[in-house]
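One chain, chain A, links the two complexes that follow: it is found with chain B in the first and with chain C in the second.
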Partner chain A sequence: MNHFELFGLPVNFELDSASLATTYRELQRTLHPDKFANGSERERLLAVQKSSQVNDAYSTLKSPIQRAEYILAVCHEDIRGEQQTLQDPMFLMQQMEQHERLEDIPHAADPEQEIADFDDELSLSIKQYLQEFSQLVSIEHYHDAANVVRKLKFVYKLQTQLSTLEDSLLDY
Partner chain B sequence: MALLQIAEPGQSAAPHEHKLAVGIDLGTTNSLVASVRSGSAKTLVDNTGRDILPSVVRYTADSIVVGEDAAQQAVTDPENTISSVKRLMGKSFSDIDTARIPNVLVESASGQPLIKTVAGELNPVQVSAEILKALAARATESLAGELNGVVITVPAYFDDAQRQGTKDAANIAGLNVLRLLNEPTAAAIAYGLDAGQEGVIAVYDLGGGTFDISVLRLNKGVFEVLATGGDSALGGDDFDHLVVDWITTEAGLVGEQSLAMQRLLLIQAKQAKQALTDSDTVDITLALETVNWQGSLSRATFDELIQPLVKRTLLACRRSLKDADISKDEVLEVVMVGGSTRVPLVREKVGEFFAQQPLTSINPDKVVAIGAAIQADVLVGNKPDSELLLLDVTPLSLGLETMGNLVEKVIPRNTTIPVARAQEFTTFKDGQTAMTIHVLQGERELVSDCRSLARFSLTGIPPMAAGAAHIRVTFQVDADGLLSVSAMEKSSGVSASIQVKPSYGLGDDEVANMLKDSMTYAQEDVTARMLAEQQLEADRVMESLIVALQQDGKTLLSDAEQTAIENAIQILYKIRQGDDRDAIEKEIKTVDKLTQDFAARRMDASIRKALQGQSVDKV
Partner chain C sequence: MAYSEKVIDHYENPRNVGSFDKNDPSIATGMVGAPACGDVMKLQLKINEDGIIEDAKFKTYGCGSAIASSSLVTEWVKGKTIEQAGEITNTTIAEELELPPVKIHCSILAEDAIKAAIDDYKKKKES
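Take a look at the complex of A and B:
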């Protein structure tokens, strides 16, 4: 049973996150080991296994990037754990520029504002890539969709680095 | 323990009986026990009417005293009186700042701290077990019956070693642990159920020795922890130590202080801290043979002393909100838990940080025990229709050592539990037949910066070229937050697994030995207890099977399957009446094997049912 089947959903990138959360709570209400605190060893063991599976599925499905990778895996384009193979000089050039911009932030006049602006731009580009991915998957162009996910991973990583930098600059 | 009535299997399940269950807050400074009676959770009092039991244990050559009476001897008999033992739980000797511990500590052969007393060298787990025994005795007396189960709270930020130590202590105290529950989650239950709230709340829990912050989403009885953070070595005790340092400097005390003097200073410091909650200054007097000093500590000076520690807690708050992907203005309510949240600076800074007045309506000392009691009542089965469900998370990342002394994370922090994750590794030398698996907990990248939980070896890997073997290492964390790890080489099926027994915890035989040594259990008691446990498991198996047959026998089983199961229950019932523990165990296994498929079919059926309920709702 794959993650989508477990949640009674079609394999589709677009999903309603509120209803995903409701289904998740319903499943855990039925399967969580606490519901079997007085059950036999066998029931408790099964509950731990099933409940773990539901947790795993939920965390994968609710995160757009993980959901995208998972869809590719289900559709035979597994890129999880691969070494980077993106070949798109334009994109890589842009990445280098963005890394330089990240490095310059501590010297900016107003680093906090600069971080906020940069973060907004990254969020916007994530949103655009996700739309592109969704569109490519709907017409079953998995190979191209995989390249979009590779780009997405770059942008997410940059966003994480930005947030680490924010932590260190704010000295909070 | 009432026996199961099953003259006619499949006809009648055991009538519903009220079971006795309590929630225990095993705190650094104080401990409490609470229970749900006539629908509401209340703390249980001792025969003098007090509900707080100081977490202090005093050993003499022939007796063990716990609580207030022990605390009063702290200055006169410092060596044999142990307080704040929770701070030593699951720690290695080298982790501990011995100058801060007013006892004599020695290092065991396996690197654990032992406390030297007239009653011998004691492990922190044993000492904690005494506190649990005292609370359980109070509960048994005040509820007038044996306890069916307990829920024990632990700081959310406790690591695997500290959790395992707590569970071992409960074992030694002879308690059936229904669940280890995170303290802030317990507090959220006490508050949330009270107010019937929906939305995101933050629980700020600053106790005597530990600090936790948890961010939770409440939705129709489901408490979903989104993120948790903290510091398992930061609490009110540390405020006291800072005041001790201040007094030491001001009074010009030089050199190392005696154990009695250390205790005296700690008591003075704690009193001064408490006085500053309501007044602006406090006078401190040391009138002893060796020193005569009088001074006054102002709130402003005290605030200055503790400011860096308070800031550290706010840092953790910030990180947890970030992990939860929640902004400050989405936090509906901030709940304050733990005695140290009485400190005015703490309240002020937390209020400033979240930009709202924190909630303090339930006594911060009692709220954890009350939440634990509510959960215990549900888990033991007294509230079959309860909506309450807790979804907790791992506080710290779990990983494995890889090449170059680096840690590869297998389960990141704030992953919802229970959880199972697998990672594949390969051999790096030709003909390699064994692999060491080193399990670590922590956020840092280097092995030396993380806590080592366990090391075990997978041996008997068939010789292959480097990189040809596929070794799959699986981490499973259960609902208590306890980890087990297994490893398997895929082509040969060679496998190894361990229930992670932390490097600084007790081995299984050590726990068994302590159980035997424990004064409450003579040898025959141990045998009797093991038989009773096996009978209890047989009862559970039969009870749950009878219910299962009633509910799903007709739809999920053929007539032949149903008859086979009924016969097996009859046989188990007969054997269970006897006193042959091994025979009961064997028969349970037989029944288990026979019903394995049925259990799996039922689980799948309930998933389908849960999903159907969903789609009906949507229409």
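Take a look at the complex of A and C:
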């Protein structure tokens, strides 16, 4: 049973995160150890296993990038753990420029504003790539969809680095 | 995870960091990225009319192993023909730097950067 089936959902990128959370809580309630206090050891063990499976499924499905990678894996286009390199000069050139911009932020006149603007741009770019991914998956172009996820991973990395920089520059 | 002394040396004193003008006909540029870790590498080779690599520069945004792999490669390719440079494999890079298995993709990145630069050179010559 895959993660989507476990949650009674079709294999689809678009999902309602509020109803995902509700289903998660319902599933965990039915699997709570108290329900199996009088059950056999086998029943208790199965409930514990299922509960951990539900946890895995929930953490994968609620994260857009992990959900995207999981969909690719279910559709025989697994890119998790791959060592292949990406060779898209236009995209990589843009990545280089964005890393240079990140490097320059500490020397900017208003680093805080610069961080906020950059973060907005990255968030927009993530949103656009996720839309593109969703569309490619809906027409079953998994190979192209995988390339979108590869690019997304670079953008997420930049956003993580930006937030690390923010923490180091600004005192919270 | 401990880095080998060679990795630390290249990381602390990277060789040949910088850029050449990518529009210069004698300059070949190779750009590669590793989706697994988000590392980006740019390798540029200055190639003379006999097909010998006279100089090399790199710019890498990534971990210590990725920086060390690209730094090492810029030293290795100098004086080599493009054919000889194209024979450098990730295995020899990983062995030289004593990279652990989880960092092998950094050496793959460096090997692919050389290949991408050579492809760029060939494309430039044809046009």
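Basically, the second predicted complex is superposed on the first by the 161 of 172 C-alpha atoms of A that agree within 3 Å, B and C clash if a C-alpha of one lies under 4 Å from a C-alpha of the other, contacts with A are read in each partner's own complex, and residues count from 1 in each chain.
The rule is short, and it goes like this: a residue touches a chain if its C-beta (ideal position, glycine included) is under 8 Å from a C-beta of that chain, and two chains touch if they have at least 3 such contacts.
All figures in this text were calculated on a predicted structure; none of them were measured in a lab.
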Is A:89 touching anything from chain B or chain C once the two structures are fitted on A? First, second, both or neither. second
Mind working out whether A:141 is in touch with chain B, chain C, both or neither, as first, second, both or neither? neither
Quick check for you: in the superposed arrangement, does A:156 touch first (chain B), second (chain C), both or neither? second
With the two structures laid over each other on chain A, which partner does A:99 touch: chain B (first), chain C (second), both, or neither? second
Chain A contact check, chain B vs chain C, more residues touched by chain B
Regarding the shared-chain residue A:127, is it in contact with chain B (first), chain C (second), both, or neither? neither
Could you give the residue numbers on chain A that contact chain B in one complex and chain C in the other? none
Touching chain B in the complex, chain A uses residues 6-8, 19, 22-23, 25-35, 37-43, 46-53, 55-56, 58-59, 163, 167, 172
Residue set of chain B touching chain A in the complex reads 149, 178-179, 219-220, 222, 224, 314-315, 318-319, 322, 378-381, 387, 389-391, 415-421, 476, 478-479, 537, 540-541, 543-545, 592, 595-596, 599-600, 603, 606-607, 609-611, 613-615, 617-618
Of chain A, residues touching chain C in the complex: 79, 81-89, 91-93, 95-96, 99, 149-151, 153-154, 156-158
In their shared complex, at which residues does chain C touch chain A? 31-38, 40, 42, 59, 61, 104-105, 108-109, 112, 116
